[in-house]
Amino acid sequence: MVKAVQVHKSFGRVKVLNGVDLEVAPREVLCIVGPSGSGKSTFLRCINHLEKIDAGQLFVDGELVGYARRGGKMHELGERAVAEQRKNIGMVFQRFNLFPHMTALENVMEAPVRVRGESRATAREHAVKLLDQVGLSARRDMYPAQLSGGQQQRVAIARALAMRPKLMLFDEPTSALDPELVGEVLDVMRSLAEDGMTMVVVTHEMGFAREVGDAVVFMDGGVVVESGHPRDVLVNPRHARTAAFLSKVL
Amino acid sequence: MVKAVQVHKSFGRVKVLNGVDLEVAPREVLCIVGPSGSGKSTFLRCINHLEKIDAGQLFVDGELVGYARRGGKMHELGERAVAEQRKNIGMVFQRFNLFPHMTALENVMEAPVRVRGESRATAREHAVKLLDQVGLSARRDMYPAQLSGGQQQRVAIARALAMRPKLMLFDEPTSALDPELVGEVLDVMRSLAEDGMTMVVVTHEMGFAREVGDAVVFMDGGVVVESGHPRDVLVNPRHARTAAFLSKVL
Amino acid sequence: GCGSGGDPAADDVTSPAAGGPAASAAGTEIPAQEQDTAVAALVPKEFRDKGTVTVASDASYPPMEFMASDGQTVVGLDPDLGKALGEVMGLKVTIVNSQFDAIIPGLSAGKFDIGMSGFNDTEERRKILDFVDYYKGGSSFFAKSGGVVVKTLDDLCGHRVAVQKGTVQQDDVTAQDAKCKSAGQKSVDLQVYPDQAAANLALVSGRADVSIADTPIAAYQVAQSGGQFALTGDEYGVVMHGIAAPKGSGLVKPLTAALDTLMKSGAYQKILDKWGIGHTKLDAPLVNGAEPQQ
Amino acid sequence: MQVQHMTQAAESVESMPTVRRRQPGRWVAAAVVCVLLAMLVNTFVTNERFQWDVVFDWFTSDRILAGLGRTIQLTVISMLIGIVLGLVLAVMRLSDNPLLSGVAWAYIWLFRGTPVFVQLLFWGFISALYPRLSLGVPFGPEFTSFSANELISPFVAAILGLGLNEAAYMAEIARAGILSVDRGQAEAAQALGMTRGLALRRIVLPQAMRVIVPPTGNQAIGMLKTTSLVAVLAYPELLYSAQLIYSANYQTIPLLITASLWYLLITSVLSVGQFFVERHFARGSVISAGATDRRGSLRRLAARLPGRRP
Amino acid sequence: MQVQHMTQAAESVESMPTVRRRQPGRWVAAAVVCVLLAMLVNTFVTNERFQWDVVFDWFTSDRILAGLGRTIQLTVISMLIGIVLGLVLAVMRLSDNPLLSGVAWAYIWLFRGTPVFVQLLFWGFISALYPRLSLGVPFGPEFTSFSANELISPFVAAILGLGLNEAAYMAEIARAGILSVDRGQAEAAQALGMTRGLALRRIVLPQAMRVIVPPTGNQAIGMLKTTSLVAVLAYPELLYSAQLIYSANYQTIPLLITASLWYLLITSVLSVGQFFVERHFARGSVISAGATDRRGSLRRLAARLPGRRP
């Protein structure tokens, strides 16, 4: 579903990604762990072309992200084509980025109505169900500023799910969530995976990675240091850097 | 050091705190846990008068917060007096609130220079040390927008510590922090506690509460449901609500 | 000169309640003129085909031209004369309000055909305009009642003088200032205001001692001031005033002829009398200050 | 340490009444302001030089009302042109297309840089520069041409002069508004599959409005009075109507007061409108929470002051 | 499913050259704009009605330069008064003290509500209303009194009229700026023991500046041209100087062009100044990161467009 080949990315002179290679099979939940500043968020943003990669290739569902191959060259896609690709990729941000001028319900309905062209009634019905799923049915008419941090992140997840994406990207989705709600969210995510959803989750929650992840990737310094089944990577790391990181975290 | 007596607080018609009672001894680390929306953040904000309480009393270091007793009545304090009280209370916010127009170093130096009247040299020296402590010596001249979320929260902690407060309030200080850095921060906090620092920490990290907390308070629906030693509250809760919450979290 | 004051138009425009059109305001009705076929024959074909001629006036210059109480009709000496001239030429005259500054650019832009706005016929203006002169008049001083007394331009040294921009009076005072200085006297504090109303405010508020304007305007001002202002000194600098047409305009000839007709029929005198400046009349029309060449 | 003391305190204050902070300075200031206001009103009313009788005679006269109507008409039309064209220019200016942003830059530079008075004269007297306007192939044959004077009446010239000038100012205001919206908002919208245009329309602009509306209110109120410059085209709006009257009857001061009172009145109406527009675009901001009743929203602005106790 | 295909693709594209997106529309638009610009320049230069020789004769004449000097002087002084008083009024307006905010409200209402032309007349000819100004006990004895004309020279009247009026507009701009700063900023500052005043000065205002500076630039550029209204006080600034000249020599169009060119020039200088002030106050915003070189900062604005690829 996702395939990265030697992905490079710099901001000015700062090299953030130094050739990331990884692959996510359909229906797989991949967890990315790693120290702060290792480029986890940046890589995630590259997957839906929010950052343009400098070199390498990124495929989602077999399609090159942001480029088309024609005549042996890589042609940059127009913005409509990129938007079309993004419809299938849901994203949950580290800092929510809810639309502050819309209520929770409106936040969730916005994209289905405006981008997928669903009727307001259909979109509303779906949105209500999703808000219910994340435990916010009572707060659906509140504005983001009236919600606590945890509540906001749950709305953000519902908003991404509303587009019925094939792939979901999560950037530390639980870092602002209440522990008692993490479980609920994991349930939603797991049932999504069972329905055929592929997920890439940047997280600091080792428990979650172990429990839900089909695979774990350890990133450091802009490269994938180690990857494999959570059992192997988290319990018996092969690399010293992974071991050092885990010893502090666990 | 902190004493709350029947603290009440509403926003409009929404009652958020319904009579909170608790006490924190000097040198004690108190952890507040509880479900989302239970009023943990609001209570913390009352402690340094960022929210004015509707009824009840709050004492910090023996002084009434935001009021003075004269002639059998409670007189609201002027803003200078409140500012004076706040100098001794450091606060770390859920969402950092770093000053975006100042570099990390300037953020940390601002209050010592402007509020305590320290010389720039002294303040700078102290700030450099603090940034070092939180592992950011290399990024001291970066602006908040150039730092990752984890890095920003560490600057926010250094900024609060720069005022050499007697009491530190933390609103989920580690929720945006990288796991490998949580340990370092805990070390800083523990050594502070040993130097006589009292701390109130709202957190979702049960491991931290168990390890560092001298006491744990479980809040729900705007009241303290249960409090005591972490061993007791977290391992053998007496109340059903606490048990239900913990069963989901742990 | 002409301190007769009792202007017939005065009462109508001072009160918002007065409704009726300007003609009734003027009191004396000027009878319609008969078309003079000889004159009409002089009118260029372009205008004969159109049947109208557009006249620009700055309607803030009573009694020469000002807005009637309906807020749309320009009334005064120039509109009356303009209409009469049109009738003789067999053309319909449209009076258009325009700021004084904008009249000359408007003539070059073809927005207006002629300008009738109390134009002084000056050397400078003749470079770009032709004038059909229709009265000669000078300038008069006025000041606050009981204020300074000025008899001639020479008395202005050391005084504060408010004039409207672009007027001959501005040039007169500028020249006088140089004279004062070279005679070792105190200079003139010349204040040039964008319009006469501001110059008047300067008088009322004591910022200026004396103002100068064309005699009919000064007289009208004083009459309207309810005793606040008084004329002082003598009229000076009598010059020709003319109808302005762009250089080389085919209208100069028919206008001259039409004016001649009106002078002979006595309608010209009636119009001047109506607006209180009968004594300024010319005996025959002049073009650019001289006898028209045939 | 102080625990002993604290416990005592806690017991005794349990039911102690709370006294709001006294602010003696406030009362002194209030008294001073009241006396000054009384003096001001007193002198306004008793100073006969204001000639209030004349003011009110003219206040609802036909000429003044006609001028008022023209002023309002000019303001509304010019502001509409200014806002729409200004938004387009702002988006062009922020575009990564150097051509679009260059054209917008040049437009703004030229129209902000020259006096609107001159621009009005230009449109009004364009026939002095270009007697005929023609449509055709550049540097090639023309298809048709018009007389500039017929095409551009004084009213059209006024609208063009005011509206095109306003657009340059509105463009800068809209640009600042767009820049004030957090970048994460546009990213979140794009991550949902929105195109840039849609994200701009649905997500960025509505939030930018919070920053755009207050200066736009300023502009509208400014425009109300800028319209008086069309006097140069002899188009009698409110102030020029008053000037035409006082240039005939010399009651300068009362007529200026008449016009000013009308301006004050419309400005007040516009300000009330602005308040409601601002409230609309502030929805979702922290303080508007719960402030659904009128009193609440009137208090909203004050409540935003840093450090205000709720 | 598509894994097979993907693997193939990955192998073959490894070293494939990347082609930037082609934008044919851009080239067409560029061509059209170039032709139009050429036409514009062509007509400006060849249309003799513009009389460029006269324009440049007057361009550096003493009278025009003297007027220019007065215009700049009036603009600078009035804007300073406007900005300082405007900030004070904005803070008063946002105060929770109803008296302060009421006074600020009334001030803004009155000064925004009436034409600056009338305000200039009021200050210039105040002695028509109040021949003597006195200092004393309200409704009681006076201590001393002055002639209004001596106290208020035309220059002082111009400064008062323009500056006090500007303050009302600046107050609204500053208010919007202060409201645009996240409330959490003031809270964080107060939690550090700052008083409201200090938090305002050190934390809120510097951030508000990002929103305040662009409209203030607009205001300064507007003021540059509003100064021409002081003509009514017989104070010959730039435009009035030009008018005085053409009212004598009738070279209206070239003199208006002369004045416009000067306005355009100063506006350009002001805009460059505004750019640097804006850049200063944008420090710390995401995009200014790494944009320390000049080219970087010039690209900064464009880079802020939603969805721009870095």
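Per-chain numbering from 1; labels A, B, C, D and E assigned in written order.
Just so it is clear, a contact is a pair of C-beta atoms (placed from the backbone, for glycine too) under 8 Å apart; a residue touches a chain by one contact, two chains touch by 3 or more.
Not measured: the values here are computed from a predicted model.
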*Please state, in steps, how far chain C lies from chain B along the shortest route of touching chains.*
2
*What is the touch distance from chain C to chain D, in steps?*
1
_Counting only C-beta pairs in contact, which chains form the busiest pair?_
D-E
*asked:* Suppose chain centres are the mean of their C-alpha atoms. Which chain sits farthest from chain A?
replied: C
*Euclidean distance of C-alpha centroids - chain C vs chain E, Å*: 42
*When the C-alpha atoms of chain A and chain B are each averaged to a single point, how far apart are the two points in Å?*
31
*Would you please write down the residue numbers of chain C that are in contact with two or more other chains?*
101, 105, 201
*In chain D, which residues are in touch with two or more of the other chains?*
121, 128, 185, 187, 189-190, 196, 203, 253, 286, 289, 307, 309
_Touching at least two other chains at once: which residues of chain A meet that condition?_
79, 95
*Sites on chain E touched by chain C in the complex*: 121, 124-128, 131, 148-149, 154, 231-232, 234, 236, 240, 243-244, 246-250, 252-253
*Residues of chain B touching chain E in the complex*: 48, 50, 79-80, 83-84, 86-87, 89-91, 93, 95, 97-103, 110-111, 114-116, 142-146, 159-160, 163
_Contact set on chain D toward chain A in their complex_ = 182, 184-185, 187-196, 198, 202-203, 206-207, 281, 283-286, 288-289
*asked:* If we count contacts the way the header does, which residues on chain C are in touch with chain D in the complex?
replied: 10, 13-17, 59-62, 66-67, 69-71, 96-99, 101-102, 105-106, 108-111, 195-197, 200-201, 221, 224-225
*Complex contact set, residues of chain D against chain E*: 23, 26, 29-30, 33, 35-36, 38-39, 42-43, 47, 49-50, 93-97, 99-101, 103, 109-110, 112-118, 121, 128-130, 138-139, 169, 172-173, 175-176, 178-180, 183, 185-187, 189-190, 196, 199-200, 203-204, 210-211, 214-215, 217-218, 221-222, 225, 228, 239, 253, 256, 259-260, 263-264, 267-268, 271, 286-287, 301-309
